[in-house]
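These are the structures, in structure tokens.
Each of the next two complexes has chain A plus one more chain, namely chain B in the first and chain C in the second.
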Partner chain A sequence: MKLLIVDDEVEICDFLKSFFEERDYQVITATSGEEALEWVEKAKPKVVLLDIKMPGMSGIEVLEAIKQKEPGTKVIMVTAIETRDKIEQCLRLGADNYITKPLSLEYLENDVREKIEGLSRPSRN
Partner chain B sequence: MTSYDYQEALKNAAKSMVRVKHPRRLLRMMVRFLDREVGLTHSSILIYDQFKARYIFIDSKGSQRIPVNLIKLDATNPLIRWFSDRDQLFKVKRDYLTTQSLSGWMEDPHSISNGSVAVEAKLRLRQLNDAMKTLKAAVCIPGHYKRELLGVLILGDKLNHESFTSEELSFFQTLANDAAMALKTAAYQEDLLAKNVELEMQKKRLQLQLKEIEALRKKEQETYYEIVMSLAQEVHAKDPYTSGHLRGVERLGVMTAQEMGYDLSGRAKDILVAALHLHDVGKIGIPDQILKKPSPLTEEEWKIMKLHPEKGAKILAPLSGFKEVAKIVLCHHERYDGAGYPAGLRGEQIPFESRIISVVDAFHAIISTRSYKKGYPLEAAYQELERCAGTQFDPRVVQAFIRAHKRLMAKSKDVEATPKTAAS
Partner chain C sequence: MRAMTLPLRKRKRLLRVAILTGAIAIFVFFFYSLIRFAALRLFAYDFSSHEIGVLLAAAALAVLLYKPFDYLTLLFFKDVVFRSSGKVDSALQNLARAARTILDRTELANLVVNTFGETLGVRVASILAFDRIKACYRVVSAFGIKTSDWQFLDLKETDPFVQLLKARRMPLEREAVVKSFSWQEANHLTHDFEKLHASLVIPMFYDEALVGSINLLPDGSSKRFTAVQMRFLVEFACEAAIAFRNAALYEELKHSNQELMKIQSELLYSAQHSAIAQLAVGVAHEIHNPLTIISGKAQVLLLKRDQIAYDGQVEEVLKTIVKQTKRAVDITRKLMMFSDSPKSTREWIDFEELVNDTIALLSYQVSLDQIQVVKRFIHPIPKWYGNVGELREAFLNLFLNAVQAIGTNGTIEVSVAYRELDQVMELKVSDSGVGIPENHLARVFQPFFTTREGATGLGLFLVQQIVRGYDGTIRTERRTKGATFVVELPAAPRKEQDRFGHRHGGEVRPDPSALIERS
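Up next, the complex of A and B:
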């Protein structure tokens, strides 16, 4: 149940970390794209919550890199940017979902759980 | 915290609330105030966003603050349900919620729930507890307006780990209620503003519609004018002496009316102009041998001739929009002293347009070389009109007409300056 939370705002990382930890997830946080990629290689999280707008590497670049290195990793984009273009771009690059802020924690947790359970089950096709 | 003067704080807070017009700024002030003065792990305000039907954090301060703009709570959130539900599941006042009282209830759900639904109550309390934990809340205070939950003040634990006193709780409640009131007032004002904008837009739309109507009216007027002119030309063709120069008649008549101070805005001018052109339209119905007779008419012939005002009115009456014109035409041979025809009306009983027409018409008769009368010099024509003022003519009309005619003469020589030579 390893979950990587990536957001350049520490506060957001901390808040979501404690939310998921209370629900028995193992949570790692990263505040930049570069740091996130290191964690993806080192800790192999099953799900990544990824902010799009970050200084340095953008979430979209990180998404591309994750899907190249670890295609099995589920990536949920979490962002305030909500243009059709961005959403389509993310989905084209292999994002597994796209959630806009402000988000519903219940929805987020359900989605994360779904992705993790989906991974533990054999492929449906 | 025990030495804190809540009465004073409340008074100050209330004072600032009155000053602050924007409720969001007010709420941020409240959060800053609580964070600075009370000493909590965090002070946060959740408010209802009516456009998106969700509750969002507008501000949060403190070491354990909740990131603003990250999360939203919808109506199904246990905390929101707790403060907005009016169900009978729990027998407890929902004026505020503390983790302390909540853990007490969780130990003994029966104490606050109706026995038969204790299982559901237990589940709901556990969800409520989770929700509070997620928000790191020690106390939640709802802000209601009537029965509507406008927001929730969410406070973390005290930094000194003491529990909240009832004095503090009632202070928070007052704050939350005042904030709700401020929010509602602002929403009301925004509503008013929106309504104002709406009204402005309606006004704009109406103005546009008015413009269209104005354009239609203008078009209608043009059509009306065309009908009048073609009818008038008909009359003119039959009796070239009748109206003299059509345009000249129109100008003289209108100028006389203006000289007398009549308001010719809107349809009034159309009516006068139409009547000026059409007053003799009834002559269409008079046999040519009478109309064009070069010698004086016999008494029988005169009787027939005198029918032309009535014939004219009859011609015009069926035309929509010509009702007033018909009436004026009917009266254009009435005399000021009551000796005219067909009805023998006198003075003000005669429509002013008819009184004007009779002067304009007579003037033309005088200055034109009619088949039964030799032309007059201009001054003699004026004198002739003045001689008949008070008997045949309204003296005011005569005076106004002479003034108007003199002005017209001074302005242009070609309108009515020289008597028209008779058409052969």
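Up next, the complex of A and C:
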């Protein structure tokens, strides 16, 4: 049940962390794309909640890198800014879902749980 | 006024006939009296009984003496003609002088043809000048032919007649020119001469460029000009060429100045527009994060309602927090629509389908509110090239606006029609709602303007922005009950047409929405 939360806003990271920890998830947080990639390699989280707009490496670049290094990792894009182009770009790069802020926590939790349960089932490949 | 004054030559002829007739009558009477007097004095013979014989003799004498008398009158008339040709001379000089100061081509042409027609006694005079917009030589003014005969008369640059004018650089006289060609070519040229109602065409050259021509049909039986007149006409054509060239330059300058002003205002608009867009994205991003935290924390508390015991009022407050943060996000999201690159994905859209789909989305709410929707599609409606998402957004907002204006119980009329004439797609949404008061008309498209509680005030602004992105217009029309919004979308954006140099001058449609906004 390992979950990585990536957002340049510490407040959001902390708030989501406490929310998921209360629900018995093992949560790691990162406030930049570079840090996130380190954690992906080190801790191998099953699901990543990824913000798009961050200083330095953008969420889209991080998504690309994760899907290259650890294709099995599920990535849910979480962002304040959504345009048709961005959504299409993320889905093309293999994002598993796309959620906009402000978040509906119920929806988010369901989605994360689904992704993890999906992973525990034997994969077709 | 033209019809009232007889041509000069006609007047002269009438005068000459009158003088000659009078002279003959006086002659006859004079000889009659002379014969009677001589007979009475010399032969003491009274001719009273042979009146007719005397009259005949007098007439015979008059006829004999007529010729030398006619010669004398001719001499007298030459003097008159000479003097009047001097008058024509000075009239043309005055014309050339005036022409130098006139900068309006049509005014210039009018002055020239009227002077030729009225002072020179030419039956038909017209001016052919090069029209840069239509890229052909057109008649700009004419005297002596009906307006309908020359208004749409134009000759392409490749026309053999124009080519001939350019090659010869000399006045073309119909008879002489026609004789020098084979009958087939001559036929064509005759036709051109006839179209212009002219027998003499004097080209106007400025440097190497053919500016236009002066086309004349002289009056009188000879239908020819004398060598002296011809020389003068050629000289005049040189002067006129300069004047017409100046007028053309002035017109071009005026036109490009207008273009420049238009571009400048567009530039200013797009600069302001992109500033708003950038600001919107920045604001959205900055606001969404804190809103996420506020809404998130409230949600956390709501999820814990089983564990923490709090009264119903607190739950209500928490729910309000979640709902209101969502509303705040809706505002920024709509603002952000403007920064979206809208023209990236365009395709052929079926307007009817789009309208039907969008209305279907809202059918439940509409039926709850007891609102009747009347759809009118005036076929044929061709497919339209644009972005589906944007267009749906625009129509949805217009429709929602109508729904909200009604509240409950009313009718919304939606019509789609394609105007073949100016190739415009017209979309109308009318409601039977409260209508728009006079003092709000100018503000309905302004961002954040709303009269409804809980509304963002961005819906119609968004519609306007989208419509403008397609060079379209949106305006409101008041009805006896409610309001109508009319969206007009051109089949092809104007800017793209301009780039290829089409659709210039005189066809720029006024933009009513722009008027509303600036006021």
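Just so it is clear, the second predicted complex is superposed on the first by the 123 of 125 C-alpha atoms of A that agree within 3 Å, B and C clash if a C-alpha of one lies under 4 Å from a C-alpha of the other, contacts with A are read in each partner's own complex, and residues count from 1 in each chain.
We take it that a residue touches a chain if its C-beta (ideal position, glycine included) is under 8 Å from a C-beta of that chain, and two chains touch if they have at least 3 such contacts.
Because the structure is predicted, anything quoted here is derived from the model rather than measured.
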Note to self: Under the superposition described at the top, does placing chain B and chain C together on chain A give a clash or a fit?
What the structure shows: clash
Margin query: Between chain B and chain C, whom does A:Ser104 touch in the aligned arrangement: first, second, both, or neither?
Written below: both
Check: Thinking of the overlay built on chain A, is A:Lys53 touched by chain B (first), by chain C (second), by both, or by neither?
Finding: second
Margin query: Tell me the contact category for A:Pro71 with respect to chain B and chain C: first, second, both or neither.
Written below: neither
Notebook entry, point to check: Just chain B (first), just chain C (second), both, or neither: which does A:Ala80 touch?
Noted result: both
Checklist line | Which of chain B and chain C A:Ile12 touches, first, second, both or neither | finding: both
Check: Given the superposition on chain A, which partner contacts more residues in chain A: chain B or chain C?
Finding: C
Next item on the list: Please write out, lowest number first, the residues of chain A touched by both chain B and chain C across the two complexes.
Entry: 9, 11-12, 15-16, 19, 80, 101-106
Notebook entry, point to check: What does chain A use to touch chain B in their complex?
Noted result: 9, 11-12, 15-16, 18-19, 22, 80, 101-106
Notebook entry, point to check: Where on chain A is chain C touching in the complex?
Noted result: 9, 11-12, 15-16, 19, 53, 80-85, 101-106
Note to self: Can you tell me which positions in chain C touch chain A when the two form their complex?
What the structure shows: 281, 284-285, 287-289, 291-297, 299-300, 303, 325-326, 329, 333, 336, 339-341, 344-345, 389
Item checked: For the chain B and chain A complex, residues of the former touching the latter -> 54, 56-57, 65-67, 69-74, 76-77, 130, 133-134, 136
